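Two complexes come next, and they have one chain in common, subunit A, joined by subunit B in the first and subunit C in the second.
Here is the complex of A and B:
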């Protein structure tokens, strides 16, 4: 059964790839069916994961210490459920979204391949297998971000994502080397049996693992690839850059809970990075106009919450937030995809408005999801976010608790900003871009690197000549995800919730002193933050007066947004100064001076030497028998002299 | 009383040899009666069946461990593994007859190849100087004829060169054996292990000349001079055969000599020149590849370096060393024979496809062949994640832990050079500006099959790096 879950998506990918030209649109059905089979198999093998600590399937033994196998336990089960379940809905949606794309078979081949890679990552029972999956999802992400490879911006974004992810891969590789040289095994069972056997390298192993996690999960300061990754088709953003792949870092930390529980410093580091990322992502989200970039920053922020949760050892809470986030964020992306689709690839929310009447499904589903992400009870996000924030307090990190609450307020504000500007008021698409403050030539570098400007020039290639897919194909997945955005959190309510019982034996537990503030108070503050954010957003965008003067107001806001926010805290510039400029200078140095004078010289030397040696060898290789015999006899004489001397000295 | 030699002898031990040698006779007889249009396939079929039979029978003795013929032939793990390597590469080599020189009668070639195989199989288990020499000469005699069988001047040149140079080397070998016999008064390898012999100068000189003979067969620098010319001139299947079978048989002898026939305290001093020339071969062989325009010559130089790696693995005489040497030898066998199979598939009736020109722009004409060739070349170069990479890593690790870091350094340097040489071929295959050439239309299902099997086995070896664990006790 485990093999069905794991390999059917691969089979789907191969079939879509091999028979793409014949399949055409049927590739979508095939690809979706493969994921559906995998999902059904997952549900059917529920018991195998939950009973007796899960199922372990040995695959094969490589070098000593490298035993490959599959591990299917509660933690893996949750991830596999999301990957295949939400993955299936997104596949189904993609059938409609990619209806008029010429390369639809290639798309589904990549998408299925991604699911296979992600399953490899979460089902592996050892770090080496995890690294294989880790690399493969990076590759799949590279293919899918750059799916429209005729868009230069997409190719650049794909490359950027790939490079930053490789930084993470190298981090994990270092961690594996250190583990292996310390204890000679890289299986989870072997490493987690006694984390302190890794001392004194335990902290550094955690750091290197976390470099991998941070790169994959877009944590500070390795987050810059995620907004750019929105160049990919919207279903890709939903599946890879919201629901599954970017949460691999959360998975890694949760999986390595025994290591983190053994190293308090590592916990603090990860929790700190998570909290700062949550805050930074939320603040960045305020200043964006591109609907997908807003969602990208909110993804970064929400993953910050998850990382903070698993970082401070509130593992159940962190994983809970992953679970609910997968639904509401996928819903938001797919809903925005419907809008983008309907508006012929317009992504700037200033040119939207009034979508409530036009796209009721998107309105209702995204509405549920917005309430969920903002933390409004009884929507899903409320329960999980509450647990993360309270978990930080419980484990003694008061400042993270505060940051979490503040971020919740900001989240509520920018999500309702998105929601109101997009869905209420009147449609602004017919206005001139300048009328709503879209500068002719975008002043900020980030905006230029981003999609909106370029997306105008290279319209996404699913033209509308061939008509549309049946509407339900895109509507149904969004509706289902919207529904789950409401209900997914209910299993997490309360102290002894089904969720807590599900993970009862998965994570190390610590006895905790009672927190200074009760969970009820935390929830109260969180709800207050939600209401404040909602209120501010309503005051700014939602009042009758604001909606009536929306273009002018948006124009004013565009002009007055703090440059620091629009420019993403100048993060790209800082990275530019820190890495790119020195690298370029180094390149200049090597190119202008070092290379011609030194390296070229050496290379010339080597080439000359090689040529000389080659000539030398060829001068022996005359083809003349007597010359060969001479060489052989000469060699034999050298041997004879050595051995005669050696023997004589005995 | 002298015991009856026929009851003393353990005939079971050599049944695989008899099967293979007997198959050769049947090939010759069958050729007389089979019709002209079928005799190629009859010969190949009988030859391959005989080898399979011999291989299977040898396989059943894997767990056995005993001396046959009064200690002259040792059976069991190590010998059996090497015999299997020899048999498998002989099968792949015979399969290549299907792709070249259509219309010729090949029964003679197949029979000679089978007898040579029997010689190499004898070497794999040989444990005294007599059986070693017998096996070596049986192997070589067949090869002298085989090298000259192609209908072109270079082939006859190749045969003559091989005959004369190999005889010279055999002279050194035999002289060395005589001195060793003089030092110990016994022909068994076991007699060489007594510490007392290590003070005898005859022992040293004898050992040195013995090693010269082996180094020639392994074509280690500077005793490699014959191999590029001979490989180039010999018919393609014979080249493929020589590139693995001769090496495997000689490696078995060297391993047994190095592991089981040297007093412990003399081991390092006696073997160090051999490892030095192995190290030189890694560099020189890869350098030699750079300037080649013929694929067989290129693979000859590549083989010089690859054998250098395998010999280096035995440095230090560790358990791991011999296991990793076997692993790399098997990997080398598949990578190398796979590459030869592709050369065979590019051959026409008139001409072997070994000139580098037939690889120029191959990716346009035969994309699958180009891709597979790329795979083999990358594996030979030791690119991750292939068996070649894994084997090199294993040899590196054993070199370092056995106290031969300089061999590891030479291996890395040699690999770096070889990357350049292999990539030159790959680049040539993917050259888009190549002139379109006429397609050789080869109907050689066996060559395709052996190519596919080689690909699969190289991949399998990457993920299941199985090394036989009970080899070492049986070397001794």
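Here is the complex of A and C:
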């Protein structure tokens, strides 16, 4: 059964890839079916994961210490359920979304391959296998970000995502070296049996593992690839860059709970990075206009929450937020995909507005998801976010608790800003871009992108010549995800919730002193923060007067946004100056000057001062090339023949 | 039987000179059949094909002794496979001559990798320079390159010969590969120095690499595929079968020179590859970087690292051959290999682009492909032997590799088309068949490198004498071997 879960998506990928030209749109059905089979198999093997600490399956060994196998336990089960369950809904939606794309078979091959890779990551029973999955999801992400490979921006984004993720990969590699050389094995069972056997490197192992987690999960300062990754088709953003792959870092820390519980310094470090990322991402979300980029920064911020949760050893809370986030963020992305689709690839919310009447399914589903992400009870996000924030306090990190609450308010504000500007008021798409404050350069860039699309008609993303897919195929997954945005949190309510019981034996437990503020008070403050955010957003965008003057107000806001936010805290520039430019300069220096003039120069100098070789080189320069070729070969032949004869004569 | 591996390709190569100059079919079929025979012969015979004839008795004993046991087995298979693929991919003016040269190259390198006598090893070391030299003379873009290749490598070969003679005089025999014991004494470090410089030139290792980029970019694709995949392994093979067993203490004495040189190669090659504008030169400098990793693994004297070294030797052979063949296909179609003038070729050549992608990913160390297995195991062993900083520094080129390999890949297959070419043909089935076995082997070896690592026991045995830590890993390797 485990092999069905794991390998059927791979089979789907291979079939879609091999028979793409024959399958055409049927590839979507095949790809979705493969994920459906995997999901059903997962549900059917529920018991195998939850009883007796899960199922273990040995596969093979590279050499001693590098043993590969599969481990299916409650933590893996939750991830597999989301990967295959939400994954299936997104596959279904993609059938509609990619209806008119000529490369639809390639798309589903990549998407199925991603699911396989992600399953490898979460089902592996050792760090080397995890790293294999880790690299393969990075590859799938690379393929899908660069899916429209004729767009230079997509190509650059794909490369950036891959390279930053390799930084994470080598972090995990180095952690593996340390574990392997300390205890001679890299299996979870071997490493977690006694974390203190890793001393004095335990903290550093956590640090290097977290470099991997931070790169994959877009934590500061390795987050810059995620907003760029929105170049990929929207279902990809929903599946890979919101619901599953980017949460791999959360999985890694939760999986390594025995290590984190044994190292208090590692908890502080990871919790701090998570809290700062949550805040920084939310603040950037305020200043964005591209609907997918707003959602990307919100993903970064929400994963910050999860990382903060698992980092401070509130593992069930962190995983809970992963679980609910998968539904509401996938819902938000797919809903925005419906809007983008309906508006012929327009992504700027200043050119939207009034979508409530036109796209009711998107309105209602995204509405549920917006309430969920903002932390409004009884929507899903309220329960899980509350647990994370309270978990930080419970484990003694008061400042993280405060940051978590502030971030909750900001989240509420920027999500309702998105919601109101997009869905209420009147449609602004017919206005000139300048009327709503879109700068000249960005609109001309959009035109350039458009012309490059036209230049490649054979692979144009959304032609309309083939008509549209049936409407339900995109609406149903969004509606289901919207529903789960409401109900998914209900299993987490209360002290002895089903969620807590499910993970009862999965994570190490610590005896904690009672927190200074009760959970009830925390919830109260969180609800207050939600209301404040909602209120501010309403005052700025939602009042009747604001809606009536929307273009002018949006224009004014565009012009007055702080430069530091518009430029994303200058992270791209800083990383560019710190790493990219020095590497290129070094390459130029080595390649243009040092190699030809110094290293080779010395060799030439030695050769030229030697009289014999010097003569040889001079004669060569006079053009006696062929003569010398003959001499060399004859010399070699004579040498060979002489020795062969001498051997034969004896 | 191993004589067949040497003589058959050389004779077949000579015989091809008697078919008409313009011939393609006969040469290709002959070449493929010969390469296939040399591939399957070691597989089906089930022994090590040893053959031995007395050669010299003064001043030391030497024999014409050849066998394909141990590490040779895998390299012989790799050589036969790469030759097969290169012959299939040969499509140029004078196909016949190129195939003849490829066969001769295969024969001479078979001699190198199956030699059980160091003198015979040294003999083939020089003989194998001849076919690439003529390929460079015949097809190269700069005459200078051919000479530089020959002189540089002959100089190395001369040192090798001197070292071999000294070794023979001291040890009494050169018919020793695969047997014997470590030699000590005042001369050992100098003998090792002779061997080591020859090996370093061939590998190549910084600062002896400057013949390599020009050679790789000037040599026609089928020839450079085999040269980069196999000739460079001559030096590494020498370190493993001559250095470790006989000159281990001298190697240990000078190890820091080699560790530093290998780290410099790793970084230097990677940084230069980052900014090259000629597609073949990107791969050439990446080779410098990758082979530095292997040297680092060897000089960590770790039983674990040596297992990784074997995997990576095979992996590098596979992906560099595949990359050069594929770049050759692009060059043939576009008439250029300047990255600035290529671009957008993926849309019209999807199969070619797919093959290129797999090869490039293997080269950048994607988990699941063979390069990664080698890297992970080598560096685990290096770290385990206590080389903390070298292992950490060696991670930087892995990140750089992803940057330069993706740059190469994307600049060629992605992006808008640089120019309009109405008729373009995707991979033909012959061209596809020429790279498919290499790519398939990369996947298989990447998932299951145990087949190769299991043969490492023979090379890890001498490590115990060199480095105390290796004793533990030695026991480990043997147990692994028995399993």
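Simple rule for what comes next: the second predicted complex is superposed on the first by the 567 of 650 C-alpha atoms of A that agree within 3 Å, B and C clash if a C-alpha of one lies under 4 Å from a C-alpha of the other, contacts with A are read in each partner's own complex, and residues count from 1 in each chain.
Note that a residue touches a chain if its C-beta (ideal position, glycine included) is under 8 Å from a C-beta of that chain, and two chains touch if they have at least 3 such contacts.
Owing to the predicted nature of the structure, the values given are computational and were not obtained by experimental measurement.
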Give one of first, second, both or neither to describe whether A:513 is in contact with subunit B, with subunit C, with both, or with none.
-> neither
More subunit A residues touched by subunit B or by subunit C?
-> C
Where does A:47 make contact in the superposed view: on subunit B (first), on subunit C (second), on both, or on neither?
-> neither
Subunit B versus subunit C as contact partner of A:200, first or second or both or neither = neither
Of the two partner chains, subunit B (first) and subunit C (second), which one does A:63 touch, if any: first, second, both, or neither?
-> both
First (subunit B), second (subunit C), both or neither touched by A:128 = second
Which positions of subunit A sit in both the subunit B and the subunit C interface?
-> 60-63, 613, 617, 620, 625, 628-629, 632-633, 636, 639-640, 643-644, 646-647, 650
How about subunit C: which of its residues touch subunit A in the complex?
-> 53-57, 64, 123, 126-127, 130, 133-134, 137, 143, 146-147, 150-152, 154, 206-207, 209-210, 213, 268, 271-276, 285, 304, 307, 344, 346-347, 361, 364, 366-368, 372-373, 375-377, 379-380, 383-384, 391-392, 395, 398-400, 402-403, 406-407, 410, 413-417, 448-450, 453, 476-477, 479-480
State the interface residues of subunit A toward subunit B in the complex, per the touch definition above.
-> 60-63, 610, 613-614, 617-618, 620-621, 623, 625, 627-629, 631-636, 639-640, 642-644, 646-648, 650
Contact footprint of subunit C on subunit A as seen in their complex = 60-66, 128, 131-136, 139, 142, 146, 149-150, 152, 155, 158-159, 162-163, 166-167, 169-170, 173-174, 176-178, 180-181, 452, 455-456, 458-459, 583-584, 586-588, 590-591, 595-596, 599-600, 602-603, 607, 613, 616-617, 620, 625-626, 628-629, 632-633, 636, 639-640, 643-644, 646-647, 650
Write out the stretch or stretches of subunit B touching subunit A in their complex.
-> 160-161, 164-165, 168-169, 172, 198-205, 207-209, 211-212, 215-216, 222-223, 225-226, 228-229, 269-270, 273, 277, 284, 287-288, 290-291, 390, 463-465
